[in-house]
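Next, two complexes with chain A in common: one pairs it with chain B, the other with chain C.
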Partner chain A sequence: MQEASRILYRVQRQSAPYLFVAPAVIFYLIVTVIPMVMGFWMSLHRWNIIGRRQIWLGLGNYVALFHDPSFWRSLYNSLVYAAGVVPAELVGGLLVAVLLNSGLRLRTFYRLIYYLPVITPVAVAAVIWRWIYDPYYGIFTWAVRTVGLGPRDWLNDTRTAMTAVMIVAVWGGIGFRMVVFLAALQGIPSTFYEAARIDGADTWQLFRAITLPLLKPAVLFVLITSFISSLQVFPLINILTGGGPLDATRVVVYDIFDRAFGDMRFGAAAAMSFMLFAVIMIISLLQWRFLGRDVTYE
Partner chain B sequence: MRRYLKSATVYLLLSAGGLTMLVPFAWLILSSIKPLPEVMRYPPTFIPEQPTLDNFRQVFKTVPFGRYYLNSVIVSVPTTLVTVLTCTMAGFGFAKYRFAGRSVLFWVILSTMMIPYPATIVPLYVMAHRAGLVDSYAGLIVVHLSSAFGIFMMRQFLSTLPDEMMDAARIDGASEARILVQIVLPHAKPAMAALSLFTFTGYWNAYIWPLIVVNSERLKTLPIAIPEFSGQYFSFQNLINAASLMAIAPVLLIFLLAQRYMVEGIAFTGSKG
Partner chain C sequence: MQARLTRRVSALAGRALAIAAGLFVLAVPAAAKVTLVHWQHHSPARKALVEQFAQQFMKANPNVVIQVESIPYGDYFKKLLPALAAGSGPHTFQIPAGEVPAFVAAGVAQPLAASVISGEAIESQFVPATIAHFKLDGQYYALPTDVQTIVLFRNPELFKQAGLDPNRPPATWDEAVQAASRIHRRDAQGQTTQMGIATGGYGPVLHTLMLQAGASPWDSAAGKPVFDSPEARKGMQFAVDLVARYGVEDPKFGSRWTAFRQSKLGMVWAHPAMVGSFRATVPDLRFETSEVPAAAPGGSRTSLLTSWAYVVSTRAKSKAEMEAATRWVVYLTSADAQRRWTVETGELPAHRELLANPELRSDRVLWAGLDSLTSAVATPWRSRSITEELPHKAYQMMLLEGKTADAALRWLQGEAIKAELEQREKEQM
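Up next, the complex of A and B:
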């Protein structure tokens, strides 16, 4: 009897960790791992959601992408978008964090303000900004006219649409980067600054010689994550411009969703997703190689 | 003197930037209480001349706004509870037990954060379609049951739980399930609170999956309904503003009340890379 209860205790003790992680593991299996494998399998087929039999293409979808001007156009647009948004978020977030770290009284208040856009639902933010950009009643149009620039249909003009979207993205993204930099800044011992100040260093020298080198891991983290999220922008584009005008803001993920849910070409869309994956991996690795040589994370 | 000049510059720069951050919110709040003709006036008025709350009532009459709101609550409140529970359990398992496959499983879950979402969401839609989950609450909710970020966060937090506490309970004959309920959950309360705030915000704001998986009017959540509504009723900007404000209100309120925990939680996981 006692033996039986001891065995029972052993069993529950040994199975417990598996039972604890099981829900999460099963969830990730179903929602990420299986779809990922299936996505790769789909990318090798002409995949139609209605038909049961799919046509094997091998690498056909990938080869077709290389000859597809729409793919190159959307990849180019995504890179332009990232080239604008990433540095702005990085420099903006760093600047705000450094300013906030200089011993302010209203620190929490400012941090709150800069973080507000981050928690705002992006879909609603896009709706508000669409109105801000309205060529007749928009407050942006009004502000620009007061300094003498003509009204323009910012989101429907091939010359301004991309920049207009990027402004919204930076507005929504700076707060998160600021928080990461603030956390990193707090890890720098104040004795470093005191010692340098005794040696007669000015503010700019302190920033160049102490702050910036010690922030390198945070800079790299922000650079890579910001790049990854920029290459995956979709909600803003979908609501603000719908990829237009004349494909001026048609980015990679918009193109993927258009192929899948617009044209019902799921195989082609899956292939494009994996191309995006490859681009993201390559760029992240390059950033890591060239900038992260002496950076370690514990 | 130079000191004052310096701090004045800092405040000036921060306020200029902060104002830019705030303009859309201020503009939205002020405009949501203006009647339509005033909203459409050029040059715009800033302080409402005839403030009214009528816009908030009209939204419910023009579109099934109550339904959208209820849908948003359904896909974000119960799922937040489930997510926090699965994350705490998994975080506990990964932090406090050694078992075969532990590091592989944890590594796999963490690395899912790096996969671009289109690579999984397109096949996930095909799977949902085959399982008959497209255009249903089940389909909306199925992606909201756990989170890699939450598992990581809970694991980090629960690593600090002293082993002695668990061993003492075991000597008293407690089962592992009982340790989870009576020791881990009370200990993890602050982390669970922070995680539930993030999770709720994320689910409330979710746009991409609901956009794909739902077609019918009766299942639309606020982030799907509002952009559509603003496309169809673009001449009723007063109603769009009122609707937008009501959609933002819950996350805004939660953040204003609990911003310290949320920002610190993000900093905590963000700074660890």
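Up next, the complex of A and C:
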């Protein structure tokens, strides 16, 4: 009897952790893993979501993508977008965080102001920015006119549309990066700065020798997450430019959406999703490999 | 004690019987009722009208409940396709006419119930061009709605201010440019403050201009679109010239609809459905319509005819559901309903008998749309992108990238053939 209860107790002890995590694992399986597997299966077919039969293509959709100039164009656009937005968000977020971490007056107010774009719904922000960019009456047009530039249809000009979208993305993204950097800055012990000041270090030396090295984990986090979110941008592009003009802002996720719901080519869209996944994974691994080597979290 | 127990048991049994009887009474009419979910893309005027139709239909058919869902156009297909795939979509819905064969091939649309309307009745009632894509394997799968051509809207006040006769619409392209030049105004910095005319680079308008210039956009023998022709180039060039050469259209001026509503635009090529939209949003706006101006004196006033289809989905499984759904679609496209569609939303009728309807023909702004039906050319292709997206891109190539009409239309032809082939492939799945 005692032996049986001991075995039961041991089984309970061993199974309890699995039972505790089971709901979360099952949920993750249902909403992430199973759709991923299904998406991959879809990418191996000519798949019409409402079709009766799906035609097996093997890797045909992937091979077709390699010969599809539209895909390369949208991938190029995504990379240009990320290359513009990520450094601007990183530097902007860091700059604002350092300023707000100093003894600035009304800093809570400024933190709120800088964080507001983060909680503004993308659709609302995009509509406001469309007004700002209005070629005749927009405040942006007025501002550039003061430096001698004429009116331009910023969102409908192949030369300016992508930059115009990137400005909106940076405006909306700095707040979140600021919070991450602010938290990291406040985790640096003040004794480090005091000791350095006693040794005669000036403000720039303090920033370069103490702040920056100790912010490396935060920088790495911001860099990787910003790259991922930049390569996945969609609502902003959808509302501001619809991928135009002439595909100048057609990024990969917009292309995926258009192929799936516009052309009903769900197999090709799924293949593009996995190609994007591969690109994101490669960039993240490279970032981790080259920037994460000397990052410690102690 | 025994008696009390017996009383309690009898009371409980009585209550159970009453509940069961109540459930039975409720269950009988519920089983007889048919609930149909109807989806369509949104416009304020159309939503109000379809909801009225639903009320009237339910009154006449007490066993049918119609649930109307009006979905913004941008989200329409994003919601419709997954819902149909999941089997949770609507019983009746609308799609562009050319898409009907693809939806039938996919097995999500079913033939209209022959017990409600026969093929002969459909053919005798509707304008042939509007039902061209609906008959497959001898059965009809849809009825037409949202029939659109292109007409020219004009603001008579701006005509008067420019010293033009407000009752005389331009008859040719040259006259349109001359009138637009007199209406168009700029401030001291050269910025447009009032625009002369607009196409917006909108696909059906560009197709209309190409047709008027004499283009034949379809090679029937090869079954593919043709845009690489001198006539098509002439039509497209005219649209670009309005901006780049004559300066009477300014894309930087913003939305042409907003400008027209604010009486800041003299003329605009548009679907007759904009009649309903203008009336619903700016009731005080005075505007007139006319057939589109011809490329040259005495030339063709033809325009592109586009239309949508009401379809019964395979979600309507039982005979009662199928018949009710077909009755609802027939009701929505009946002559009386289409008369109201035309009067209240500006959408053109597909019913033959309404083309000569004196009430519609005498309307100050509706007549032009009805007249345009007589010479309009129905979209011969099935791909939606050939109607809208691709010609707009070709237009932008010329305007923004300085490409020649030759290059832009060669590109358009290549992309259109590809799009049509993809559409036909969908119909095989």
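Observations
Note that the second predicted complex is superposed on the first by the 266 of 298 C-alpha atoms of A that agree within 3 Å, B and C clash if a C-alpha of one lies under 4 Å from a C-alpha of the other, contacts with A are read in each partner's own complex, and residues count from 1 in each chain.
Everything that follows uses one rule, which is that a contact is a pair of C-beta atoms (placed from the backbone, for glycine too) under 8 Å apart; a residue touches a chain by one contact, two chains touch by 3 or more.
None of the values given here were measured: they were computed from a predicted structure.
In the model built by aligning both structures on chain A, chain B clashes with chain C. When the shared chain is aligned, chain B comes close enough to touch A:121, but chain C does not.
By the touch criterion defined above, A:261 lies against chain B and chain C together after alignment on the C-alpha atoms of chain A.
In the superposition on chain A, contact is made by A:273 with chain B only, not with chain C. With both complexes superposed, B is the one of chain B and chain C in contact with more chain A residues. Contacts of A:136 after superposition on the shared chain: both chain B and chain C are touched.
Of the two partner chains placed by superposition, A:193 touches none, neither chain B nor chain C. In the superposition on chain A, no contact is made by A:207 with either chain B or chain C. Legend: residue contacts after superposition of the two complexes on their common chain; A:55 is shown touching chain C, with no touch to chain B. With chain A as the common frame, the single stretch of chain C that clashes into chain B is 81-89; none of the other options in 9-17, 81-89, 279-287 or 315-323 do.
Residue overlap on chain A between its contacts with chain B in one complex and with chain C in the other: 49, 136, 261. Within the complex, the chain C residues that touch chain A are 77-78, 81-82, 84-85, 102-103, 105-108, 191-192, 251-254, 385, 393, 396-397, 400-401, 422, 425-426, 429.
By the touch rule above, chain B contacts chain A in their complex via residues 6-7, 10-11, 13-14, 17-18, 20-25, 27-28, 39-44, 86-87, 89-90, 92-94, 97, 99, 102, 105, 108-109, 112, 114-127, 129, 142-143, 145-146, 148, 151, 170, 175-177, 180, 201, 204-205, 207-208, 211-212, 222-224, 226-227, 230, 237, 240-241, 244, 247-248, 251-252, 255-256, 259-260, 262-263, 266-268, 270-273.
Within the complex, the chain A residues that touch chain B are 9, 12-14, 16-18, 20-21, 23-25, 27-28, 31-36, 38-39, 42, 47, 49, 92, 95-96, 99-100, 102, 104, 106, 108, 110-117, 119-132, 136-137, 139, 142, 171, 174-176, 179-180, 182-184, 187, 203, 217-218, 221, 228, 231-232, 234-235, 238-239, 253, 256-257, 260-261, 266, 269-270, 272-274, 276-277, 280, 297-298.
Across the complex, chain A meets chain C through its residues 46, 48-55, 134-136, 151-153, 156-158, 244-246, 261-265.
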